[in-house]
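Right after this note come the structures.
What follows is chain A paired twice: with chain B in the first complex and chain C in the second.
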Partner chain A sequence: MKRTHWWGRVYLLVVFAVMYTPIVYLMYYSFNSGGAMHDFQSFTLKWYRDVLSDDRLLMIVLNTIVIALLSAAIATILGVMGALAIYYVKQQRAKHVLLALNNVLIVSPDVIIGASFLLLFTIAGIQLGFKSVLLSHIAFSVPIVVLMVLPKLEEMSPTLIDAARDLGAGHWQVLSGVVLPFLAPSIWAGFFMALTYSLDDFAVTFFVTGNGFSTLSVEIYSRARQGISLSINALSTLLFLFTMLLVVGYYVLSQKGGRVYGIGGRK
Partner chain B sequence: MMERTWRNWYLVPYGIWLVLFVIAPIVFLLYESFLDMDGHWTLANYEKVLTPIYLKMMAYSFWYAFLITLVSLLIGYPTAYWLTKTKHKQLWLLLLILPMWVNLLLKVYAFLGLFGTYGLANALLQTLGIGARQLLFTDFSFVFVSVYIFIPFMVLPIFNALEELPPSLIDAARDLGASAWTTFRRVVFPLTLSGVKAGCQAVFIPALSLFMITRLVAGNRVITLGTAIEQHFLVTQDWGMGATIAVVLMAAMAVIVVLTGTGRKEGSR
Partner chain C sequence: MNGEEIIRFERVTKEYDGMTVLDDVSFAIERGKFYTLLGPSGCGKTTILRLIAGFIEPTQGTIYFHGKPIQNVPPNKRQVNTVFQDYALFPHLDVFENVAFGLRVKKMKEADIRRKVSEALQFVNLEGYERRRIQEMSGGQRQRVAIARAIVNEPEVLLLDEPLSALDLKLRTEMQYELRELQRRLGITFIFVTHDQEEALAMSDYIFVLNKGKIQQFGTPKEIYDEPVNRFVADFIGESNILPGRMIEDFLVEFAGQRFVCVDRGFAPNEPVDVVIRPEDLELAAPEAGQIVIRVDSLLFRGVHYEICGYDENGNEWLVHSTKKAEVGEIVGLRFEPEAIHVMRAEREDGGE
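Up next is the complex of A and B:
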């Protein structure tokens, strides 16, 4: 049990090498003056300059970040309310139904979510663009937050609330002084999850984005369909560094909260 | 009494979300699937789904999803198994999860370079003496890239299941004279089946409806149900047909979830 067989190590090494090759490959060629993802010619920062001087692209990056932050914040509020709502439902059957409905958007494939949201927005007469993308991102992030917060809520000892009540706290005081501080790590973890889901989403956004508005994933897709351009590589290197920052933040928070909940989900 | 009014307040915004974004889209999808392109009621869409073209596409989708799940399992199980035996397993696990945070599109895009005619993969094949070949736009690259994308979703639940396995059970099996392989086959694997199920579900369902990887790496062919839905909604504008395929796909998935999902525990996803 104590030692890993050498072939176990070799196996893991190969798996990790394969996992990281594409990412390293992408970043490596972002410095290639040759203009293609092969035959490294000489070191250049040209592609980074291209990215940073591309106003349209920077606008899209800004859009993506605004959508991610806004949708994650709103989804976190809705998700915490949802978790509290499910927690307070004492009837087992009703609880199961709520949880099942909650999980529908998590298990449904993106294509179907995207298509059905497109239908929804068309029927509701909401114009495709910023609003529809924001609404969809909020919509698919809510269940994730619920799933991150609910287990922590179930863990909470009811005596905590009783104690606060006995000491004369009202509902609002119990919530803001006891329940929310107790849930804080999982709420933050939920927020970060929602943030990464929003930043990472392609398929749903692709359906509801309309003509004038674009997020990074959709933009990368339309550029990648036209072939290879090393400014995408430069952009991906920058994004990778940014994501690492987010991951470290998330990791620190989840370490505080005990364990990493609910990793998985979206493809 | 106070208690009750407060509970209701939490349910209001959450309930609105449930109705608007979970129930309404499903209802609209069902409704749309009975409409033709001019908005008249029809069953033609369902008739069309049963024609050989779509049946074949469905078979393809299931076949590829099955293949992707199988390969992910064959690679993912040993990975999870040996991960649990490393010294700093939380760190290794984090390293495995890390690529999940890289934008999906970028990972797929990387393979356009890696599998290109002059890319690393072909260079490797050449030095091995196999010789360069067309990798992009083949079924091989489609399955490979999909497995690459999905493998963490397979490893994580299996890893968790392995972690929950009491080591004393393995010791007991060994003490009773079972070989390492027998111990694995008769003790470890059956007891981690819940993780395997959760992993297969987490891979199979999204694999069934891929469209972006198909479009970028497998060429511009419409071979899976995911691409067909995208095609109908965004290219040919035949929303009724797209909705019908979506409904059929959802029904198929519900069946899969019911068949495999009974033992799913929280924390395994």
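Up next is the complex of A and C:
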């Protein structure tokens, strides 16, 4: 019993080491005054200063955040509506088909989604830039929100809706007074998922961006191609830490949801 | 029935996907009485409740509320409230807000809401629990919250859908008393759905016994128990000995190979009948003194009485509740009064009223 424990821990350690070493490596050299990803010379914050004094970069960061917040918010609204629509579909077959169509979008490769959006925007005559990136981010986030919200909706006892109607609530009051509050934890979870997907999306954005509009991941990619500068390391570190923050936020919310409604989560 | 009529069903039929769950049912409900819809699962009792609440519409027939048809009146506009089987309390709201839900929907003033909620909670003995979360309440407490949430809206009719089925036996008995008491104090009509015949007998003014989407019998608990109209009702309400027999003439019935004096009349001569004798109406006696002689087959001690099962010489099974003990294999006699014999018309195909 003890032995297996020991091996299990080592295995876990190795797995995490493999996954996190490159990131830690990258972070480590973001503090190197030597200007290269080897031969650590001395500690410096120069690269961070570079990043923060780079107006174009800060503009891109702002773009990225605006795109992420906007697309996540709109996708959350659409996704909740979609989940409700699927929930109220009475025919089991139609329900499964809709759900399958939803899930296909999540698992299909970003490259294909990106390429097809490029095609769509070109045909529709939408100029590539902020609008096209926003639209595509909304589009790939909606299925994620649906997938987060629908299980919670299925878990809700249908008598809750009956009870609200029984107590005099109209359709809108049932929705705003009972259904949405009940779904709140999963709606927040969906929002955060959409936010992280939007923040770190590269492939789709790469296809549909243009006219000088760029997001962080695309910018980092193009800078890395131009040559190694440790400001990229600094930027990546900041981005990683921000994503971590989001994950923690998401985790705290879902834990809270689990405690309040007695689902999932550990005690 | 002579009180003020609140609800009337006229030839109401409800079908789900071609399955008839309620079959041409008509009845009336009066103000201020405690009604029970009693029957096995799938008999249509919950369907009646949902029809009254307005969650479903009848396939055929009309439901009247104070003499006006209420088809197309949505549930939120009906003067009835429901206590659900799973209570259906809102998990994101605390006790106070759950009870206040209906009042907030009606846009009542905050001060009035506070007063009415606290009154309702007092009614169900839950004062001091206002800010508790639903998850922190026990089954019995949740049940009370559900009742408070319903009665705070001052409905004319309170519908209760098997509200006691999730509670343990002791709590269930307690809540039976409390519900009955609550109904008396409120003076409103209760329609209570259950499959538990003891619950129905203990609490109701009137009982509807339902089976297969039809009302089998309507009456007071005593009428239903003492004079079941058919085999189903006799069997469903309490334990009973049911024997096939023949009505020779008024006050004389033949069953178990013998003729007995009884108190029933109004049957055709030689009409086939079912005879019901309740096990507690049978008395153990010496074999030579018994009207029926049985050999004891099994014996169970039930606390209040012994439950004795035996067979007579014709092979009929007899169930006896007796405070006297008998031995397995012993031959004993059974005595009973003419009043203990209840004669019913033999079961027809549709089992109707």
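Following the convention adopted for this analysis, the second predicted complex is superposed on the first by the 252 of 267 C-alpha atoms of A that agree within 3 Å, B and C clash if a C-alpha of one lies under 4 Å from a C-alpha of the other, contacts with A are read in each partner's own complex, and residues count from 1 in each chain.
Following the convention adopted for this analysis, a contact is a pair of C-beta atoms (placed from the backbone, for glycine too) under 8 Å apart; a residue touches a chain by one contact, two chains touch by 3 or more.
Everything quoted here is computed from the prediction, not taken from an experiment.
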Checklist entry - Touch check for A:A139: first (chain B), second (chain C), both, or neither? => result first
Next on the checklist: Quick one: is A:S157 in contact with chain B, with chain C, with both, or with neither? Answer first, second, both or neither.
Outcome noted: second
Next on the checklist: On the A-aligned overlay, A:G249 touches which partner chain: chain B = first, chain C = second, or both, or neither?
Outcome noted: neither
Checklist entry - In the superposed arrangement, which partner chain does A:H38 touch: chain B (first), chain C (second), both, or neither? => result first
Item to check | First (chain B), second (chain C), both or neither touched by A:A224 | outcome: first
Checklist entry - Among the partners chain B and chain C, which is in contact with a greater number of residues of chain A? => result B
Checklist entry - So which bits of chain A does chain B touch that chain C touches too? => result 261-262
Checklist entry - Can you name the residues of chain B that touch chain A in the complex? => result 2, 6-7, 10-11, 13-15, 17-18, 20-26, 28-29, 32, 75, 78-79, 81-83, 85-86, 92, 94-114, 116, 118-120, 123, 148-151, 153, 156-157, 167, 170, 202, 205-206, 208-212, 215-216, 226, 229-230, 233-234, 239, 242-243, 246, 249-250, 253, 257, 266-267, 269
Checklist entry - Touching chain C in the complex: which residues of chain A? => result 157, 159-160, 162-170, 173, 177-178, 181-182, 184, 260-262
Checklist entry - Which residues of chain A touch chain B in their complex? => result 1, 3-4, 8-9, 11-12, 15-16, 18-23, 25-26, 29, 36-39, 78, 81-82, 84-86, 88-89, 98, 101-102, 104-105, 107-120, 123, 139, 142, 151, 171, 196, 199-200, 202-203, 206-207, 216-217, 220-221, 224-225, 227-228, 232, 236, 239-240, 243-244, 246-247, 251, 261-265, 267
Checklist entry - In their shared complex, at which residues does chain C touch chain A? => result 53-55, 74-77, 80-82, 84-86, 88-93, 101-102, 104-106, 133, 135, 149-150, 153
